[in-house]
Amino acid sequence: MYNDVIMAGFGGQGIMLIGNLLAYAAIREDKNVTYLPSYGVEMRGGTANCSVVIDERPIGSPVVGRPLSLIIMNRPSLLKFEPRMKSGGIIILNKTLVDPEVSERNDIDLVAIDLNEVSEKAAGSPRLANMVALGAYVQKSGVVAVESVTAALKDALHAKYHKMIPANKKAIEAGAAAAS
Amino acid sequence: MYNDVIMAGFGGQGIMLIGNLLAYAAIREDKNVTYLPSYGVEMRGGTANCSVVIDERPIGSPVVGRPLSLIIMNRPSLLKFEPRMKSGGIIILNKTLVDPEVSERNDIDLVAIDLNEVSEKAAGSPRLANMVALGAYVQKSGVVAVESVTAALKDALHAKYHKMIPANKKAIEAGAAAAS
Amino acid sequence: MKQVFKRPESMTDKLFHFCPGCHHGIVHRLVAEAIDHFAVREKTIGVASVGCSVFLYDYFAVDVIEAPHGRAAAVATGTKRVLQDHVVFTYQGDGDLAAIGTAEVIHAANRGDNITVIFVNNGIYGMTGGQMAPTTLLGQRSTTSPYGRENRRDGYPIKMTEMLAALEGPSLVSRVAVNTPGNVKKARKVIRQAFQMQLEGKGFSFVEVLSTCPTNWGMTPQAANDRIAEEMIPYFPLGTLKQKDVIDVL
Amino acid sequence: MKQVFKRPESMTDKLFHFCPGCHHGIVHRLVAEAIDHFAVREKTIGVASVGCSVFLYDYFAVDVIEAPHGRAAAVATGTKRVLQDHVVFTYQGDGDLAAIGTAEVIHAANRGDNITVIFVNNGIYGMTGGQMAPTTLLGQRSTTSPYGRENRRDGYPIKMTEMLAALEGPSLVSRVAVNTPGNVKKARKVIRQAFQMQLEGKGFSFVEVLSTCPTNWGMTPQAANDRIAEEMIPYFPLGTLKQKDVIDVL
Amino acid sequence: MPKVEIDIERCKGCALCVDACPEHVLELGKGINLSGYQYVVVVSPEACIGCCRCAEMCPDVALAVWR
Amino acid sequence: MPKVEIDIERCKGCALCVDACPEHVLELGKGINLSGYQYVVVVSPEACIGCCRCAEMCPDVALAVWR
Amino acid sequence: MSSPKKVFTKGNEAIAMAAINAGCHYYFGYPITPQNEIPEYMAEHLPAVGGEFLQAESEIASINMLLGAAATGVRAMTSSSGPGISLMQEGFSYFAGNELPAVVVNMSRQGPGLGGINATQGDYFQSVKGGGHGDYKLIVLAPHTGQELYDLTIKAFELAEKYRMLTLVLGDAILGQIKEPIVPWIPQKTAGDPDRDWVISGAKGRAPRKITSLFLADGEMEKHNWHLQEKYERLERDDVMFEEVDTEDAELVVVAFGSVARIVKSAIAQVREAGMKVGLLRPITLFPFPRQAMLKLGGRTKRYLVAEMNTGQMVEDVRLSLPGDCQVDFYGRPGGSVPTPEDLFAVISENYSKLEMGK
Amino acid sequence: MSSPKKVFTKGNEAIAMAAINAGCHYYFGYPITPQNEIPEYMAEHLPAVGGEFLQAESEIASINMLLGAAATGVRAMTSSSGPGISLMQEGFSYFAGNELPAVVVNMSRQGPGLGGINATQGDYFQSVKGGGHGDYKLIVLAPHTGQELYDLTIKAFELAEKYRMLTLVLGDAILGQIKEPIVPWIPQKTAGDPDRDWVISGAKGRAPRKITSLFLADGEMEKHNWHLQEKYERLERDDVMFEEVDTEDAELVVVAFGSVARIVKSAIAQVREAGMKVGLLRPITLFPFPRQAMLKLGGRTKRYLVAEMNTGQMVEDVRLSLPGDCQVDFYGRPGGSVPTPEDLFAVISENYSKLEMGK
């Protein structure tokens, strides 16, 4: 089934990494996938975002005009992307930095999680907030299995970070739990 | 009346100067005129040529495909331009350097003059062979009056060469005489 | 009590887009201070280059022309030839000035064009994400020298200041750094001098500023700052290599 | 009786298109002699530039690539990176190398590319009819400096040899002249040395040859020849400014 | 008494000022500003000698000094 | 005996060789070659010392020398 | 030797990977967004195959280094975007005049001027009409997926050699930055024939050769120009590539290339579901343009919509190709504003409904 | 102030003279045949009017110096040919993006590559389609006589200022080198209004200004692009120029520009004498192209012959402009082989006779 998501936040919040990870998870499930990052000048000081499209059939547009889902890590990203969402979509919102009240849509499914806290608890550091968010999104959307995501960690992470896989796994699973 | 001529020779034989001079003479007679030089890389070692078109009416093409007349100062120029000439045209040929036997056309009017000799006699030096040739051409074609040419010397020559006008005048007139 | 340090008046309020700890911000401030010092904001024209400093016009309260990558010196020449009583400066990175813009800066210098060139050498292409610059140090890794810069393939880190000083044209050719409060003060003095040269009609002035790029050096701001003293200055020694004090006319 | 002077074998029979007395012909011969000397005609590749020497391929019995104006050094770099055991040289005028081609020659030199650059400095744009070159002397008239070159507008005659010698990259940087039989002999030696450097893998070698352009200087060949000693050499002193004897690798 | 003031919304938490201050007046705080940066705070205001070393090093012109 | 030979069709009459010859062996002649140039001639063959100075200066490689 | 294993690859990397697998061991280039992953990949991987990666001092140096390498007959490439490609126009013209083969990638970005770094198709004219001086053409290939970026890069080297022409792979910021799974493969021939009679290799045992585009003798340059034209005609006869989707029964055909064509595919799937008979013609070679295919299609379908991320460029070639009785409309989004499938759905539907009304 | 006295002037000099008389006091350029008389004239005459002539180190420096000067609002120009113009393409694109006015002369010569120095029209596409990156246009004027070189140079400065666009005067080696008598004159307005709100002059008593073509915020670049297009449409509405000769009763219309149009005029005089009803449409603005004029003419005359000194470039714009039922043939001579009036007489006659047969 066709699915898409836009993930957005500050540069440094690990947006690109979870985008890639999701894509690798889809590949593990033999699905087609496109991952399209924003990049360039925006990196400095601005926001970073990426779009992931997953489908069983060949993917047409990698550009997502009206996203089905969002992972939102900071306020400017919510302001930018929420209005474009399709009705009925899912938002995973980083409650640590963004007040859920800022959301203006009531035709969507808003999952606000204190990502830093969950990360801290699950993995001993707030730095895996991105993984928590991804876990939550995957659980909520069912686009791929949570196991595929954790299994894909070794595809998406550079070998020298493989020792961090267990912590990441915990964060993902904690995110999934928080969303279910 | 429409008239055109191509003048050609070695660089250094003063081709461009007589082309300009003829143009100035035409302007003195209130005619329209275009002067189109060849130029550039060809200057080094190669041949130089220019085309002059004179008409009472506005001039269309400044490019002369099949010339009515030629002033030919060296052998390569004869070989290059003679075949293109219109039937009945005039060639003023520099006999000092080119054997008239080289000419292959018999439908044209070939005026072969030992230009260096005429120049030497008229002006005390062989260096005004170009003026002799122009005098001959103007006389033969009647395109402008010989007096217009001699009068135009002060237009075409840089002020610092004005002291040479009398010698040039003599050469032009000697050329006209040689052709009549 | 008097305010002894404040935002220069030639600057706007806009927040820099630079990464944390990036020296571009310091250099921006010093240039603005020089403009304030001579009270020439209203007759100063900045020529921005393409690089992390491309948004010069957002931060300086002066007229700014954004030049194509590498061509700031040529653009500044064109502007200055028209507005001869204005102050024209360029602000260029090392990719901009020492790679694609080599010919333009050398010929502006050689002509002795009466402009000021601020050359921010951070040994990397910052804006495009960390490729090797002509000034990247030997052995330094970058995204296009993943195994370290190697002189036989990539050449030596180019010393623009030394090369320009070999020309007759320029009036001031100097290299400074902004890695310590003391060096910042020296840099302030030299940058001010560069503008003064121009105001006095003495011709081309050039200040190379050794600068950090914590992001693309893959370092914390402090580590990057330290690297200036440890690695950059030894190869790119600080100091004024050339200074003309008279206006020479043929 | 033995023939002690003859046409080099690396040259074709074709008559030069150069104007009478033009030094390009002498420089062509010296380069061909160097190729003969090392017996490398069959593995030499010439890179011609745009200028009066554009027809290099008509006169040299070697493979030749005609480079766009100013870009001979970049073209040679591309060729040499592929054919590393071949001999690659460029032959460039002062307009070509010191104006439009400034960046290319500086960066080839800075990279220490293992090529030989023959730089014919006649202080004028010969081929295009006598415009001012970057090396035109102060006060000298040309079609684009009709009142004489003036440093405040046109800059100083640029000293490429001095500037390149300020770089770490090059292995041989030298200036010669061919205005007397003695200078021709010295030039022969240096040009030969330049090729030798390349054959030994020592990197970038550069020979500037002071040269006449009787046509565009508006002088007889003899007067032009004399001007080399009287005006050119005093400003552009002859000699080898840089010579590396070891191959340095990081 | 000399005084240093931080414009916390300009601060990017690079800590160059922290290193530059001879009197250890400044430190990175816990707070995060609107741009997401952990900003610097004055920890010993009384120690400030108004030397401006911090401000000279601040790439974001986030500091003002009185003396 | 040393000898200099001129390829008259290559000669452009620049006279650089004439100036270069210490023994005044060469001079511009009256003749004009096919390219229109007044070429150099050997006026005192016996004076030639085969030093090659002329040939070194000839931009058109029009001279050959035997010794 | 080819492996069916899929690798998750960024578009720019797919190109670099394909080039190396096609035997391209020489890369010269200068950084510019959004194509930096190409030089970066080359810098990392060329040393391992004994090749040379050289970062040039500028795009002008890049194209001229490429010229120097191409003259030796090896496979070589450069890549850039917008402003950098503009700086190479003199070089492109020399490549054409010199008849040298090489590959250039343009991951185009917004213009004019410094513009921005998002995707556009504003460089179509520059690519197919010739941004440099004189009468010449490049071969221009327009991939639309990661796999095609890979495949057409290999094709680019083959065509470049076949015709001794510069071949341009025209992508954009979307195609360069997108990551998707691709199947890499290695072509059979990965180098040009070393014995070709124009290759510069030192005049050993043969007459010296020259690479030049200077023609001064009377009529020579004209002859050379007609010779080039003859090649271009041969290209049009033998090597046109395009894709047709759902055109058999189409009452409206959308014409689009590159990333837009891909978005159009999504939109067409939607409009087909809504019962509209709409097809797609996607030129893969922009030069040679699929003129014959269009002409043929134009005998059947009379209504066309050209969709481009510019203010109207390929639409001219479409109009020039179709019979005079076809109606050609244009939908353009210049300056990096990428149309979404929804945008295209709306435009196509509207256009289609006009067709219904016209009936 | 104008004088009716004729002066015998080289085409290149006519341009330089006109520029100075139009108030252009800043010239930046780099030598290249066949336009060197322009910089040479400027070098000689600008000092006397207090202007600046500067020989740049390259064409890239020229166009960027021009950019720096143009930003101050003065009249300024550069000139070049073929390879030099190619090198300016990035600069042209920046001029368009920055909306700066200035004049560039291209005395075009044979291409591609180094080519040769004779006249061609091979740079038509480069001039009108945009050789640089992005969606942009130049105003392109194509004079065909010495007098027109003079007149259109003045016009070029006026249009450049009116639209804040780069205006290209496109000549060729014939037009640059030809000498003929012209009548110089001085226009009324010889400088732009110094108070224009974009002029860079130091932020004295006003907000700082910037000249930039960088647009990064969402949708800004698209807006800018449409804004530029709006100007291009205005140009097409208000400032198209063309000449029609003997078209009223023409059964065959020749379309030609620049020096070829002039040669065609001679040929048409001849064919008219031979009783053939042939006319000429000569676009003077190549961009904006006289589309409306062509469309109108196409309602009446159905047969066209486009004559160019290239392998077929303007012919595309002619085909795009005419109604679908017109027949457009092409006669091209690329690479500096200038057709003579006799050549054109032959081609026109032949074409005309097909027409007779067709009846």
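Order as written gives the chain letters A, B, C, D, E, F, G and H; numbering starts at 1 within each chain.
Convention: a contact is a pair of C-beta atoms (placed from the backbone, for glycine too) under 8 Å apart; a residue touches a chain by one contact, two chains touch by 3 or more.
Source: prediction; values computed, not measured.
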For chain B and chain C, the touch-path distance in steps comes out at 2
Relative to chain H, largest Cα-centroid distance belongs to chain E
Separation of the C-alpha centres, chain A versus chain D, in whole Å, is 62
Rounded to the nearest Å, the gap separating the Cα centres of chain C and chain G is 38
Distance in whole angstrom between the CA centres of chain C and chain E is 26
Separation of the C-alpha centres, chain B versus chain F, in whole Å, is 35
Shared-interface residues of chain B (touching two or more other chains) are 41, 45
Check: chain H positions touching at least 2 other chains come out as 33, 52, 54, 57-58, 60, 83, 90, 94, 98, 113-114, 212-214, 216
Residues in chain E with touches to at least two other chains are numbered 35
Given the complex, residues on chain B that touch chain H span 20, 23-24, 27, 32-37, 39-41, 59-66, 155
Chain G contacts chain D in the complex at 26, 28, 52, 54, 56-58, 60-61, 64-72, 74, 76, 90-91, 94, 98, 200-205, 208-214
The residues of chain E that touch chain C in their complex are 1, 3, 9-10, 12-16, 19-20, 35, 37, 50-53, 55-61, 63-67
In their shared complex, chain G is touched by residues of chain D numbered 41-45, 47-48, 54, 57, 60-68, 71, 74-83, 86, 103-104, 107
So, in the complex, the side of chain D touching chain C is made of residues 99-103, 106-107, 110-112, 134, 138-139, 149-156, 158-159, 162-163, 165-169, 203, 248-250
